[in-house]
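First, the structure itself, so that you have it in front of you.
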Amino acid sequence: MNKLIDRSDALNYIKDGDTLLVGGFGLSGTPLTLLDELANSNIRDLTVVSNNLGEVGKGLGKLLVSGNLKKAVGSYFTTNRDAVEAWKEGKLEIELVPQGTLAEAIRCGGAGIGGFYTKTGIGTTLADGKEQKVFDGETYILEQAIKGDVSIIKALKADTLGNLIYDHTARNFNAVMATAGEIVIAEVDEIVEVGDLHPLEIVTPHVYVDHVVLNKYVKKGGVYVESI
Amino acid sequence: MNKLIDRSDALNYIKDGDTLLVGGFGLSGTPLTLLDELANSNIRDLTVVSNNLGEVGKGLGKLLVSGNLKKAVGSYFTTNRDAVEAWKEGKLEIELVPQGTLAEAIRCGGAGIGGFYTKTGIGTTLADGKEQKVFDGETYILEQAIKGDVSIIKALKADTLGNLIYDHTARNFNAVMATAGEIVIAEVDEIVEVGDLHPLEIVTPHVYVDHVVLNKYVKKGGVYVESI
Amino acid sequence: MLSQSERIKIAKRVAEELSEGQIVNLGVGIPTLIPDFLGDKKVFLQSENGLLGMGPTPDDENVNMDLISASKKPITMEKGASLFDSSDSFVMIRGGHIDVAVLGALQVDQYGEIANWAVPGKSILGVGGAIDLVAGAKRIIIACTLQAKDGKSKLVKKLTFPSSGTRRANILVTEHAVFKFTNTGTELIEILSDISMEKLKEITGVEFGYDNVKISSSKITK
Amino acid sequence: MLSQSERIKIAKRVAEELSEGQIVNLGVGIPTLIPDFLGDKKVFLQSENGLLGMGPTPDDENVNMDLISASKKPITMEKGASLFDSSDSFVMIRGGHIDVAVLGALQVDQYGEIANWAVPGKSILGVGGAIDLVAGAKRIIIACTLQAKDGKSKLVKKLTFPSSGTRRANILVTEHAVFKFTNTGTELIEILSDISMEKLKEITGVEFGYDNVKISSSKITK
């Protein structure tokens, strides 16, 4: 498969100051292997767009500890106390975005849409300073599309073309992030032959996937544990 | 199945002057049975949102002949000469929308999004009078969401909850129209038990479907022919 | 701290508000207890991380941490369930396709405006899908204690915490009472504990109507 | 009327422009002939009605008119094909994920601006996905005859037909010549017929550069 690269080579596509779209909801659907590579790298000043920052010391939480991050854009950071601390100490910028707005903004980033008017957030401080417009008597606020220099996402399987399927709710933000990164790197548990994934089963068509990396973690008891 | 209704009862949900979202690309994915009911009804002044108006005397083309339509919103009417004639004679209003803008506007209608800025149409007469905005140095035009009073769509199968799957490229506009109608009526070839459609296979979750009607046409040689 | 029996009382009462066949999104905390009290009533649970048709917690051997609820707990899929990505999940939520959202709250004002995501003066670092649900669900039920830990009423004349949006809640279910919100203000519709009307007025400081109050204190299970 | 051999010549020449592994959307008319001339080169055909990985026409007994191309002709699926709805299809198109769109045209101006959907004075009742493709594809190849039926050049100084958008074509392949477009204007890069430079200038009336022209008239198959 010519999209398959070594996990360490994935870092060649990521540079200081990049905006990274990182899949996952909590730790589910998170590219743990790629995040380990990043945490062990000297890449700095990253802006990460992700629903949350993993957990303390896990997933994206590792990048906080290792100091790769400048800014985080997402919907929920409260449960990672490292993130809260880093923000309080001025070491991490945080931009809070409602979860649905985040998903939609990323979809627009991949869809040639510059911005959209949403009904979410009207009357909240998150709408402060945002343009408003009335359509059919209802007020909406303008949100801008989000794009990434690189998307790092997690899928269950890729075929050798790069078509992807996801594990249940681990699909979450991964499918939209696959469309919105200038470069898209998918971490997968398994690579199968072309034709093994049915056309009706494929969630992310191969056009969106530039590189594929094999997950070094294996699942035991429903959780990814480091492979031996 | 309590969402199943007789095809003639579908007309109870549609009234004079309604905006109807009608699935299909050409005749594929078109609710032929429901359109027959409409063509035989006295319902008038409908605005139809559909990629095209079927063919002469077929699909939505029947509504043109039977005089149910006031206006058509879609991307391609040239191939139905009845539509061209009706427009020339002032009997049919036509609003031309690029195909991608049409699909996106309907998706927004179902998604709580009032409008969106697209790169499609910049520099064309279709952008005349439309608001423009620059995002990241690129110009986009504002398009408004499209909603329907009723969506009539075509799926391959429904389960008894109303989950839907589609036949190959017959999915086309049906999936977004399922989200954007105040009332959604799906015409299907077959109703199966709950559990017969796999969670990963379901394209339209049952939440979007209000009523289901059985297709009176059967497929022979790859084409729907009237059942005997 | 609310006792488990009071949490269950709130969950039971909210369960009565749900109807057969509804699409329901349950927030964290008390709302997650509701499925246990639905009896024969079939509702469809939506989880904003991408599932419609959420089933109960699996046995230990069937746990897959890639099949989880929005509270990040392992779940199962019911027959007829469907999976989708986050953007499609919020098409469902924001687009008005969820019949009922049952949410917790920090404050609710006398017209039903909700504050449920941020405390002023504290770091505001989490919003999740809360304000999307407030903006989009057809009906909003707030399930929470009447008073915060500091004793202050959560039902208030005017929000002092950041609003979750201009969309208002329909009803508020607490361990003591159920309130309904209309354009003209709050109406007490049911008393669920031994609390007196005077005490309820004293705690909340909100002028509520009470022309048609149901007294259900017999339901108390202490 | 263009002869079939000339249509084939255009299709063959466009096929040379495509690279292994590219995602390609083919418009109606001449572009649909291209797959026959790709040889061993594997490209992935996208059809805007919801398919990536379009295969050849099926045998009569395998026709399913719900598996069709954007030209509404029956097709097949290749291994590795995927199906999606119209909104997702235009995420792919408008979002810049299609490597090459091969489109017909009514006119192309000297900078590559395209007119391919409407004739002035006639009823403008069809646009389809044409201007979405113009706005979104990474590279745009125009494949058409040099002259319209009335003999007028399709390559023009200034469009007189409605523009398909400010996004410009990269190259124009006709039965007589191949032109490249840059910010400074048109460059003739290849001659495909016995046509003389003078005749080409006379027909088009466009001032084009020709410092590096490849003469390929030997390719003519009449």
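The letters A, B, C and D name the chains in turn, as written, and every chain counts its residues from 1.
Rule of thumb we're sticking to: contacts are C-beta pairs under 8 Å (C-beta built on N, C-alpha and C of every residue); 3 or more make two chains touch, one makes a residue touch a chain.
For clarity, every value in this text was computed on a predicted model and none was experimentally measured.
> Spell out the chains that contact subunit A while also contacting subunit C.
A chain counts here if it touches both subunit A and subunit C, which gives B.
> Counting in whole Å, what is the centre-to-centre distance of subunit B and subunit C, each centre being its mean C-alpha position?
Each chain reduced to its C-alpha mean, subunit B and subunit C end up 36 Å apart.
> I'd like to verify one number: the distance from the centre of subunit C to the centre of subunit D, where each centre is the average of its C-alpha atoms, in whole angstrom.
Inter-chain centre distance comes to 56 Å.
> As a quick test, compute the distance in whole Å between the mean CA positions of subunit A and subunit B.
33
> Taking each residue of subunit D in turn, which ones touch at least two of the other chains?
Correct list: 77, 83-84, 90, 93-94, 135-136.
> Got the subunit B residues that touch at least 2 other chains?
Within subunit B, the residues that touch at least two other chains are 104, 107, 111-113, 118-120, 200.
> With chains as vertices and touches as edges, which is it: line, ring, star, complete or other?
Its topology fits none of the listed shapes; call it other.
> Chain pairs that touch, all of them, please.
A-B, A-C, A-D, B-C, B-D
> Looking at the complex, which residues from subunit C come into contact with subunit A?
Those in contact with subunit A are residues 47-51, 60, 62-68, 70, 72, 74, 77, 83-87, 89-90, 93-94, 113, 118, 123-132, 135-136, 162-167.
> Which residues, counting only subunit D, touch subunit A once they are in their complex?
Those in contact with subunit A are residues 23, 44, 46, 52-53, 77, 79-84, 90-98, 135-136.
> In the complex, go through subunit A and note every residue touching subunit B.
Listed in rising order, the residues are 104, 108, 111-120, 133, 135-136, 138, 140, 144-145, 165, 200-201.
> Taking the touch rule as given, give the residues of subunit B at its contact with subunit C in the complex, in rising order.
It is residues 107, 110-113, 159, 161, 163, 179, 194-195, 197, 199-200, 202, 205-208 of subunit B that touch subunit C.
> Which residues of subunit A touch subunit C in their complex?
My answer: residues 25-29, 51, 75-79, 83-84, 87-88, 94, 96-104, 106-107, 118-126, 156, 167-176, 203, 219, 221-224.
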